[in-house]
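Shared chain: subunit A. Partners: subunit B in the first complex, subunit C in the second.
The block that comes next holds the complex of A and B.
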């Protein structure tokens, strides 16, 4: 890993300029190859990212919330089907540097081994699907780093015991392949890599996952959305945790996306308790079939910064 | 260009901070010592369990399905869930019973009983 980072530093200067030239040539003939717009209405689907990025100088204020179990032993009428509890809350500011590059910072309550999490993220749109299928899919890459600010657990066998600052860090790298089929249907496929610097006994520092999601437009402002992730956890790890009474489940979410002017509002149900990919991919321990699903929402409010000079160009 | 270089630098620093650490295995209970000399049977163990555990662990609503309402049910649960029983009741970081761990000599005795194959 360290060798790769040194290579990036040494090679980055020349690679970056060449890469930009190559990409720009792909879109020179823009009159012939019109990009497909609005594959998704938001930069998120339910749990994970869509292929969309913010426009240049656009600031997106996001709030996401996941409530407690709707059913099972912690749900039911006594907790108003989970509304009395919150498993995770995330507040974020995200900003478009260019039309294809965005960055962001967020704070999440966290749900899993680590809590009190700060996140830094970057997302870059590499390819845009074109209406004539010259480019048949859109490709966006996303990466984040998180740092937990929780107190270190005294128990050295706990994943939240921190000997060094880096023990608090986790990472996600993701490629989002998306295609819009006609006016109503959009699908994504998202190969994802999660790295956690310090994990519990028999857990995995590195985990691959494959995500898939879809959006079906129901009306001008309403769409049905669904998302699923399959984490590739080793059998030995699953067996060990099962012997400890812990079982992992694949995150699955479904909901409705409502667009109201500058707002995009997503109401959803998921079995995962966490909001960040760093947690819901490797650490989902709740099952839809045991009533351990929850109501959640994502709210996005976008602001255009630095006046309207960019719009006039 | 400057923005991309800054992001590339941040990416390199981020990747440089990657490590791969795994926590040590949790203590799964005391190593039995002198178990050969211990004479213990399921009735002895169940006497402790019925006084400390069955107020919660009883009936169909028992947490985690750990129904200790009868000796047979208790023995059957321990037989099927030995690891988790050791971890949560007998280990150094045992969290059961919630009112306070069983005293060390009792935990050692129960551990011996498990090692001997849960004798009647």
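The block that comes next holds the complex of A and C.
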């Protein structure tokens, strides 16, 4: 009995003395579900959207440029492999209203049926992947409206002949599912819907598409990015256009993304000539295999506005 | 049986006595500041935890690194992703002990200037620090505070040459915790 009680006492003392020295045992790691950060570096991958949004009070100034065909009949040495031509240019101001909601306006040169385009966009993060896989994927929704300011075509059958103002408008709705697989790999899947109020004969006002894109980080600041969209154009529409000598291709892009503090540069090659989803999904008529791919870049510069005084407190 | 109860009572009693000297804090605040040619960088959090044993002088601090808030959210993202790698190293932790003055005097009311020695584990790298701080005891409330410098290179936090002008190599860390028993 004595032996047992002695043992008990010594045990008790043992426990207490341990607790004294190592105070860390008092706290459990109960951090809960932590959101995964930095699935992508930017709100865009190549042309299409990533699941990322701007944070509150952030202003993103974006410039995107697509040059002319690198090869084929319009490319080659005489145009410096497309550098002398620009197929599309987009300049945008985008702004974070909350940490999950952003809006933006842009002007794009436009490449396709319509040109001289103004765009208004909104994007909202619904779900954030968590590190403990409580939520396995991130989900963001994106929508935009574009208006072409070009003068109406006299030809009444042309997609750019406008009887009414609404004929100038197109819309995109998109859901972006994304997942970061470990430190280096991020993938997205983006069911997309494009509506164009006015299209040519046998073209489609409504078109669904499925986008897929990914990023492989090569270092902390350099990543390889790729993006592909599969538009679901009806066979009858494809056949008709083929009989007219026009073939549609699926947009495919690949590039490098470089981050330098406040800037993100994306240098890429794409077969599509346009920058906006409203155009590159339904209207890509250039093919990688015929040398009709081009160099392009996106530059993003993010500024933090407001809150300097509030934050100091 | 009676004896057993007595023993149990003594054992529990001892635990109690020791526990009375331990104070804990679940909203310890941490902030850091660095001044570089291009810009000042500042971030803070109050999501840290801390404990102190006034009898032995043992101190403990722990903070989830990704709870640090920056004014510039992009900076915050880079801090987590590129510099502190919080996915890999989610916590910063300090285990130490008051080495001066003698721990026996700590329980007295008043503000004690103390020297604390211990190991800071940050970005997966442990380093021993010996830093000044204060411990204030008043009406059963305990407050600890300290300000010290952390050299980024000591914890293998690498800064690329491209942004070296934006980030200082030494950051000043401020810690404050208010404890309850």
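Going forward, the second predicted complex is superposed on the first by the 277 of 313 C-alpha atoms of A that agree within 3 Å, B and C clash if a C-alpha of one lies under 4 Å from a C-alpha of the other, contacts with A are read in each partner's own complex, and residues count from 1 in each chain.
Throughout what follows, contacts are C-beta pairs under 8 Å (C-beta built on N, C-alpha and C of every residue); 3 or more make two chains touch, one makes a residue touch a chain.
Computed from a predicted structure; not experimentally measured.
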item	value
Partner chain(s) touched by A:301 [first = subunit B, second = subunit C, both, neither]	neither
Partner chain(s) touched by A:107 [first = subunit B, second = subunit C, both, neither]	neither
Partner chain(s) touched by A:238 [first = subunit B, second = subunit C, both, neither]	neither
Partner chain in contact with A:38 - subunit B first, subunit C second, else both or neither	second
First, second, both or neither for A:58, with subunit B first and subunit C second	second
Partner chain(s) touched by A:171 [first = subunit B, second = subunit C, both, neither]	first
Subunit B versus subunit C as contact partner of A:179, first or second or both or neither	neither
Touched partner set for A:285, first subunit B, second subunit C, both or neither	neither
Shared subunit A contacts, counted only where both subunit B and subunit C touch the same residue	1, 5, 8-9, 12-13, 16, 20
Subunit C-facing residues of subunit A, complex	1, 5, 8-9, 11-13, 15-16, 19-24, 26-27, 29, 31, 34, 37-38, 55-56, 58, 99, 131, 183, 220-221, 260-262, 302, 304, 307-308, 311
Subunit A - residues contacting subunit B, complex	1-2, 4-6, 8-9, 12-13, 16-17, 20, 97-98, 101, 103, 122, 143, 145, 155-159, 161, 164, 166-167, 169, 171, 195, 197-203, 205-206, 243-245
Residues of subunit B touching subunit A in the complex	1, 3-5, 7-27, 64, 81, 83-84, 87, 93
Of all residues in subunit C, those that touch subunit A in their complex	3-4, 7-8, 10-12, 14-15, 18-19, 22, 24, 49, 51-53, 55-56, 58-60, 62, 64, 66, 71-75, 77-78, 80-82, 86-88, 90-91, 93, 95, 160, 162-163, 166
